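Chain IDs A, B and C follow the sequence of writing; residue 1 opens each chain.
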């Protein structure tokens, strides 16, 4: 048992290379991951944001064991998950303490099974509960996610709406009473008004079940309302991390600034425009080569890149009251550079 | 503010699909030359069917029951609802063009990207091989693909979603159309790329005197890109007007609700608003206001009979009984 | 199962199933239902169809109808043997092969390819020739030759399913391979295997008939369709129509089986398309289009809008 304020999940320096996929499994995103470090505590929602190919999905897949890490450790409740293999791994999975909710419920729910069977599957596999207990748990899960058991239990995924499918997917994930939940782009396929329904649901689940939730998203609006902390990934590297509001309102890393500036909003709260942070012209041959030679991953697009950036900066803590980190030599100071330029 | 000369006039458009289900009811709007208009709505609101009517690409079971769509003005004017195939073949590409959501599925995966842009220029534009190639390279640079020579020889699978969308845009503007319809063109793209594509569309608007009809479900996108906005719900336009005014002071409960759930740009933690209920099923007939079941202000008068679009002022309209009709 | 339900909705499938049902009944109860003993000889030889003998008599006066009915059993049983052996050898190995490593995969594929090259009938003749005049031995041999086909089909479907997200999700739940097979893979393999099995039955029937036609594996005067065809050919001048009877029976049965196979494929095609989904590798975000949207009015209205689905 871990101490109360010790992190539930601690990922340290995790690296995943473009290795050949584990036999027979999905090919995965193919993105590499370099030196990712992350901590998640119970009752917290951590957002992971990044473009396609940034490594955010790889991180989730590596944590649950779908992809073998090349380096680094993954500790859950103090226990090294990376070392689990074969039967031990299966035993761990059956306990259902760590769950992954896939991005597309149409693909991750067997189309031939009814909702009742789908949600009960983790319990059926694990065994140990009587049939009545299982039915009760399934009913409890469905109610928890806001679905009417009687109405949906006999239906198949195709007969549900998109939001309902997403909720069935969530119900399946919480039926084992997990401690940690990874949600891969839970709302990308939903309409704007219903996005918030599911996000509110995640927030409530976190409170009611004392879950730790990691939400992976490519757009900030999904995270802004509910995430306590956010980790920004770019091309396989973690570039910034910290409390959501601080990171998004005052980004320390130029990429985060680009992200926040690019996000469309109804009321213009941010004064920086994407063009201010982005390198508009095509990068020179030399600059494009910096990344390949071990330089900063963002160098090719960064307006503030300079000679130092030929070496990938490490994730370093920033000065200030809150726990923030960024991997940039001009972290937190680039807006001064910007003012200089404009001046 | 003087109205720009209208180049698209849609009046009382009614479109049915399938078994006489009305997907679009009484839709009227105008787009002026060089204007950008946003058409916002959830899925099932009829916004896509409206676009498709303007492009003549309705599904097999769809047909325009009623209303008119007029492109151009004066001698150039064409009535699109009655247009025959030969007219469409002339108009599409040269006067109206479109960009859709998933760029990869609109490109032939076995041909290079350059070849496909060339194709349009040669077949429709009548350019010879060399001239087409030069023009293609120019177009690629214009849409932001600076490494045009390299991109020209790339196959679609070698390019990212954002780059493919730029290629599609290049094809769309290659014949200098008057109107560009972007149907959820940025929905499937990453945030940063989305912003770039929207900027590109704005730039092209200025340089090509292009009118833009931007169809999206995201109010935030419209806020940043469009001069005017049309809000659609369940097949009808429920509010219209200049973007800043409509978003600053919405005159329809649905628009208000959309504002509540749109990305505000305020990053603080909060409970997120939702719009309770579901839009009506396609073609469902309702006695009065189609938003009434979900509306917090619904009253008896709302379900008495069909609600007409009322003017809020010279430039704005709203389909809500609570809007005071100006004297 | 959905496929079965879809299947009986197709009118042609119902006809095929009806025909096959009749054949099956005759195969089981043929000798009892037959009006005459098929071996009973009668002085009135080579008669045409009449009130006494509905299909006439053959060259030693035996009732043609009775012989056809009695012969059904042999043909059907022979074909069933072949298909049963094929399925038993091919399907389980196909399912298990999904978890083989590179070497195992290579070996299994080469073995199956070798077996697939050998032509049925010639091989069956060779077996009948060397192992003695047994139709059963010959059909078992044919069964061994059909097993690679089942192996490949089962393997192909199972491998496709192996990489689906729902199988991955099951793996994440700690499911054993057996569980995954049972719950997720089996019911989806079944339609494809059924199609192949129906086709195989048809081919096997033809092989049996061919062997009987050539006189291999059958001890006369046991009635068989193929044997009757062969005998009839000797008396074409007297009974020009005679080969029609066994011939039509063959055509009906094999034809029904092939049509049934097509119908099963059609009935499951809708399912399969929906199940597989598209993995559109657009270099942007992964696509989320729901495929096979049911033809409700919503589907007609929501076209691009499918991609944004309401809760």
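Some notes on this structure:
The working rule: a residue touches a chain if its C-beta (ideal position, glycine included) is under 8 Å from a C-beta of that chain, and two chains touch if they have at least 3 such contacts.
Computed from a predicted model, the values in this text were never measured in an experiment.
Centrality annotation: A (chain centre taken as mean Cα position, compared with the mean over all protein Cα atoms). Distance between Cα centroids is largest for the pairing of chain B with C. Centroids of chain A and chain C (each the mean of its C-alpha atoms) stand 49 Å apart. Chain B and chain C have CA centres that are 53 Å apart.
Mean C-alpha positions place chain A and chain B at a centre distance of 32 Å.
Counting partners per residue, chain A has 52, 191, 193-194, 197, 218 as the residues that reach two or more other chains. Taken residue by residue, chain B touches two or more other chains at 42-43, 161, 190, 193, 217, whereas all remaining positions touch fewer. Residue positions of chain C touching 2 or more other chains, listed in rising order: 283-285, 307-311.
In the complex of the two chains, the chain C residues touching chain A come out as 2, 98-99, 101, 159, 162-166, 168-176, 179, 183-184, 187-188, 271, 274-275, 277, 283-286, 288, 290-292, 294, 307-311. Interface residues of chain A facing chain B in the complex, by the touch rule stated above, are 51-52, 191-197, 199-200, 203, 218-221, 224-228, 244-245, 248-249, 258-270, 274-275, 278, 281-282. Residue ranges of chain B in contact with chain A, taken from their complex: 42-43, 146-147, 161, 190-196, 198-199, 217-221, 223-224, 247, 257-259, 261-275.
Taken together, the chain A residues at the contact with chain C in this complex read 23-27, 52, 64-66, 89-96, 99-100, 102-104, 106-113, 121-122, 125-126, 158, 161-164, 166, 172, 188-191, 193-194, 197-198, 218.
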